[in-house]
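Each chain carries a letter (A, B, C and D) given by its place in the written order, and its residues are counted from 1.
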Amino acid sequence: MSWLDQSIMRTRGLAQGRSAETHALTEAKQGKFHYTIGPYSDPVLQVRPGDRVVVDTRDAFEGAVKTEQDLPSRVLRMPFVNPQNGPILVEGADKGDVLAVYIESMAPRGPNPRGTCAMIPQFGALSGTSLTALLADSLPEIVRKIDLDEDGVYWSRRVTLPYRPHIGTLSCSPEIDSINTLTPDAHGGNMDLPDMGPGSITYLPVRTPGARLFIGDAHACQGDGEVCGTAVEYPSTTTIQVDVIKGWNLEWPRLENENRIMCIGSARPLEDATRIAYKELVLWLEAEYGYERWDAYMMLSQCGLVRLGNFVDPKYTVGAGIEKKYLVP
Amino acid sequence: MSWLDQSIMRTRGLAQGRSAETHALTEAKQGKFHYTIGPYSDPVLQVRPGDRVVVDTRDAFEGAVKTEQDLPSRVLRMPFVNPQNGPILVEGADKGDVLAVYIESMAPRGPNPRGTCAMIPQFGALSGTSLTALLADSLPEIVRKIDLDEDGVYWSRRVTLPYRPHIGTLSCSPEIDSINTLTPDAHGGNMDLPDMGPGSITYLPVRTPGARLFIGDAHACQGDGEVCGTAVEYPSTTTIQVDVIKGWNLEWPRLENENRIMCIGSARPLEDATRIAYKELVLWLEAEYGYERWDAYMMLSQCGLVRLGNFVDPKYTVGAGIEKKYLVP
Amino acid sequence: MSWLDQSIMRTRGLAQGRSAETHALTEAKQGKFHYTIGPYSDPVLQVRPGDRVVVDTRDAFEGAVKTEQDLPSRVLRMPFVNPQNGPILVEGADKGDVLAVYIESMAPRGPNPRGTCAMIPQFGALSGTSLTALLADSLPEIVRKIDLDEDGVYWSRRVTLPYRPHIGTLSCSPEIDSINTLTPDAHGGNMDLPDMGPGSITYLPVRTPGARLFIGDAHACQGDGEVCGTAVEYPSTTTIQVDVIKGWNLEWPRLENENRIMCIGSARPLEDATRIAYKELVLWLEAEYGYERWDAYMMLSQCGLVRLGNFVDPKYTVGAGIEKKYLVP
Amino acid sequence: MSWLDQSIMRTRGLAQGRSAETHALTEAKQGKFHYTIGPYSDPVLQVRPGDRVVVDTRDAFEGAVKTEQDLPSRVLRMPFVNPQNGPILVEGADKGDVLAVYIESMAPRGPNPRGTCAMIPQFGALSGTSLTALLADSLPEIVRKIDLDEDGVYWSRRVTLPYRPHIGTLSCSPEIDSINTLTPDAHGGNMDLPDMGPGSITYLPVRTPGARLFIGDAHACQGDGEVCGTAVEYPSTTTIQVDVIKGWNLEWPRLENENRIMCIGSARPLEDATRIAYKELVLWLEAEYGYERWDAYMMLSQCGLVRLGNFVDPKYTVGAGIEKKYLVP
């Protein structure tokens, strides 16, 4: 039996692991993409627990950066960036439930050079920004167009990076807010977490009827922290399977893969994101894995695993995890 | 000639200081209050530049905390707190303009004890919170009901505080986001800045047609930082006058009173809020007051004035100001 | 009876307000100045509680910036900046006591232009720094030499600023650490707090026998936050009176003047400095002024006063205060 | 040829890889341990580049926590914790050089239960602390005594953790400061970085003649961030080899192991520690590995590796690294 069959999604989800219909969410079907994640937009699709959706995502620049001469400051118009597919309604999901999103696969779409990385003025961890507001000049604005396929990301003559795709932005709708697609928060959003790739299940808190799933911002690879502000952004065909776990009332997203479970926090300063992630993990071990609270806290001090998603977005994202082998009773 | 006649609002606004119609935005006229500030709600009023609006605001608990036994954790239902009046459409205001909001007066409404202060679990600067997430127990949950009138805030037998009213939350709508009323940001929002009382003009960036003004959260008094998380919250009759300054493209709110101008930033950590406020002020002195940039920066290092609005909301708010006497050419 | 006669220093100090000997700590007597504050240097003076010391301080550049062409990056050699007078031993002071330092007067020394303000590369709140490390270019390096006397600080043809002197750096020695003179911390240090001028009493925790008082870094004026990184730095003759309060075991410095008491915290991020200051103030009101803890906390949320000392040093400094009129039983 | 023969230490160090004398720094030889790292203490040993030193370290509680009933708040006396061996003088090392410290092995010392983990009041990432000062109660004070050997750390009946030793505190002396052993900074100090174990070389900036090496704080294992505030602290026999790289003028420590190079930053807030680490890494790739600066910055955004050392000490520590395979020309 695979780990997936034993996952929380498969064992506690409404679908009980039964894959049902497969839906295609093509660009045409999507129509208008979204730049804010909330309850005010019209659903493009309605699916059932266990259904698969094949999603054609656009890159974070919505294809506007076609050559290395297409500087973001000229071709982008804020806040219309990081386009999201969705919202997808999932039957049976309601406030107080969890939407499980299993990423089955991510394939590149469109002709090369389909990867884009950019240094954008007043953006990135080693630059003054709109929030860390300084009088220093911006760093140079630079665009890199990059060939990539499922075998590699051809960064330069010198360096080929592995193709390690993940979804940068994944969310259910907040209850009453609508949050721009650059910002991660308790709803998910622009977490830019490299763990969120094929073979992972993300558990998102549901806050509105039908969950209203948004998805976008595929990365062909990304380092910890996404230091310059962008990953290798690319258009993808991302295949997901969704399920609903009733009555699992989460504050923040969580993630599971073959070897780990992880809690995800997004906040500034970065220690607050890390606190959220670890606090959630302590409480999870206590609530569902038979650990006494302080034993969990002290043990994570010895074996906790931290992933820095990004420290460039309006909130920073951290995942705190533990290997599943320590969860066996 | 009063300072008001020489203010930016009066000298650059469309109304040219002519007061026109006075509108009443009563509770009945308002109907449904708002808990999120964005472009998706229906206007309750349309006014013209120079018009006055007499607004009946509800307190931040929307009146649900009637006695000291009404604990917030029982009588409030998140995120439905800090109710806002509006949105008010202002003719002639459009993206790239500024909405000037002059606060003419603030009077208490309703029977005493009409003031409320509370220690709310997982809220406040000296407690763990949802963002500074800790495993420590919450502080005790305590409600104080306080008599107040225009002569004083009768805190205890020992202490009477001065009645120094201000508006805690003031905003135009963001362009596409809808932001809960607990959070301040570039649109204004829950700034909790004591300077924003009668005799002040706040300049808010306009990002949608008609500006869509929201207003609420009156405080009878508040200390710097609002350390326990709440001020003396009360229902008010707040009279404002609005005007539109065309083509003044601001990133963040600004404020003017008889003696000072001020720029307002909201961010975490607190130094980032302060950076935003000071950077905006340096650039303002350069753009409109004839200061060379580095002269302004170095001079503010000698005479800049910082007000801490709050360091308890999801973003913290700081105002950085300078006395008007230094602005004379 | 003056406020001073009723001050904590005068009512609880060993000297009981009796002024005794006056000592002169001239440059010659000082000899070698200090760039680190700790227990490892030799005392230059020993005084008794109630004694006055007339201290000739050097400016923070130790006089090396004589003209506007003397760029700090050329004439300074790190970490040898911000020279301190002392250490001064005070009889009767020991670990667990408090040293009270009343600043009686501060007069300028030496010929004009005796004031210096500088923008120093990789320093200042609106620049990348050694701690907020960025790849952005430094701001320009600029020196301003400024005439000043006790009537004013002649900033430019356009602006004359008031002479509002204060001591930037004031400390007793830590117990075992020796801390560079750029950094404020629980021992005091480089707090850059404008309230620390003539007419103020600073209460410093004593951690070594004799207290080992260090003093320096006079500012002719300074804005809240010292945004560009430097005040109007100048050489001063500063007259202080010291006293010892036995068995007052403080964690952080405190301050008293005619109208206020204040607690001082230094930390990063800035909210942590503010938390320290307010927590100390709550506990002080509880311990010595008859307030119940949560009453103090909630009341400070209505009348607390925050001063931002600096947000440019390796730790940031905040004072949280309350007006004395609220302390009357 | 092993990676060690190709390491920076072996190829650029004075010893040229020649191992010379082996010294024993036993507890007896050490005598008085140190709680502050600076230039004011007497050396216990003088060695030459290439020499090995076998160091008997004490645990961070200096053995005072012998049973689970020995609560730290009772048996420890601040600031006398985290005892360090040293200072060790290394011939030929001077300001502007680097001291390379290769950790050859770490073996447990003394009888079991020789491991100690504790929750200490007002310490740890999910508690209020002396710096994140809150009014909330402390978490419970708990001590865990743990058996451990080179095969495992026997945490509980349920969980055995791998023995993954590393040195928590490693430093050369600052130039004039003396820094308590709880704080990491540019000199090294209490970094609590799990990568600093056997098979790693740490490169420390030298700031005083002879480098003055301090070492202590062995951990039998530690999770990312050391969330509860302590690792599995234990007394060790740690064997190191030291060497001197002349004229390598570093601001912050760096690390090398078989597969990676890493830069280490320590600061608050946590994003500043991460900024330091990544900035240093960008500049390192530019200065020594033939990368153009912006290419390095953008590439690290795709393949940079972040390790959170601790977010519990007075400054937080982050390592930013890259796999050596990307450094091949």
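The criterion applied here is as follows: a residue touches a chain if its C-beta (ideal position, glycine included) is under 8 Å from a C-beta of that chain, and two chains touch if they have at least 3 such contacts.
Being a predicted model, the structure only gives us computed values, none of them experimental.
K.L.:
Where centres are the averaged C-alpha coordinates, which chain has the largest centre distance to subunit D?
P.N.:
Taking each chain's C-alpha mean as its centre, the farthest from subunit D is B.
K.L.:
Counting C-beta pairs in contact, which chain pair has more, A-C or B-C?
P.N.:
Most contacts of the two pairs: B-C.
K.L.:
Counting only Cα atoms for the centres, state how far subunit C is from subunit D in Å.
P.N.:
Using C-alpha averages as centres, the distance is 34 Å.
K.L.:
Could you give the separation in Å between the centres of subunit B and subunit C, each centre being the mean of its C-alpha atoms?
P.N.:
Between these chains, centre-to-centre, one finds 34 Å.
K.L.:
So how far apart, in whole Å, are subunit A and subunit C when each is placed at the average of its C-alpha atoms?
P.N.:
Each chain reduced to its C-alpha mean, subunit A and subunit C end up 48 Å apart.
K.L.:
Hey, what residues on subunit D touch two or more of the other chains?
P.N.:
126, 132-135, 139, 268-269, 275, 279, 282, 297
K.L.:
Considering the complex alone, what residue numbers of subunit D touch subunit B?
P.N.:
It comes out as residues 126-128, 132-139, 269.
K.L.:
So in the complex, the part of subunit A that touches subunit D is made up of which residues?
P.N.:
117, 119, 124-126, 139-140, 142, 144, 153, 155-156, 158-159, 161, 221-232, 268-271, 274-275, 278-279, 282, 294-295, 297-306, 308, 311, 316, 320, 326, 329
K.L.:
Once bound in the complex, which stretches of subunit C touch subunit D?
P.N.:
By the definition above, subunit C touches subunit D via 35-36, 38, 40, 79, 130-135, 175-180, 251, 265, 267-269, 272, 275-276, 279-280, 282, 293, 297.
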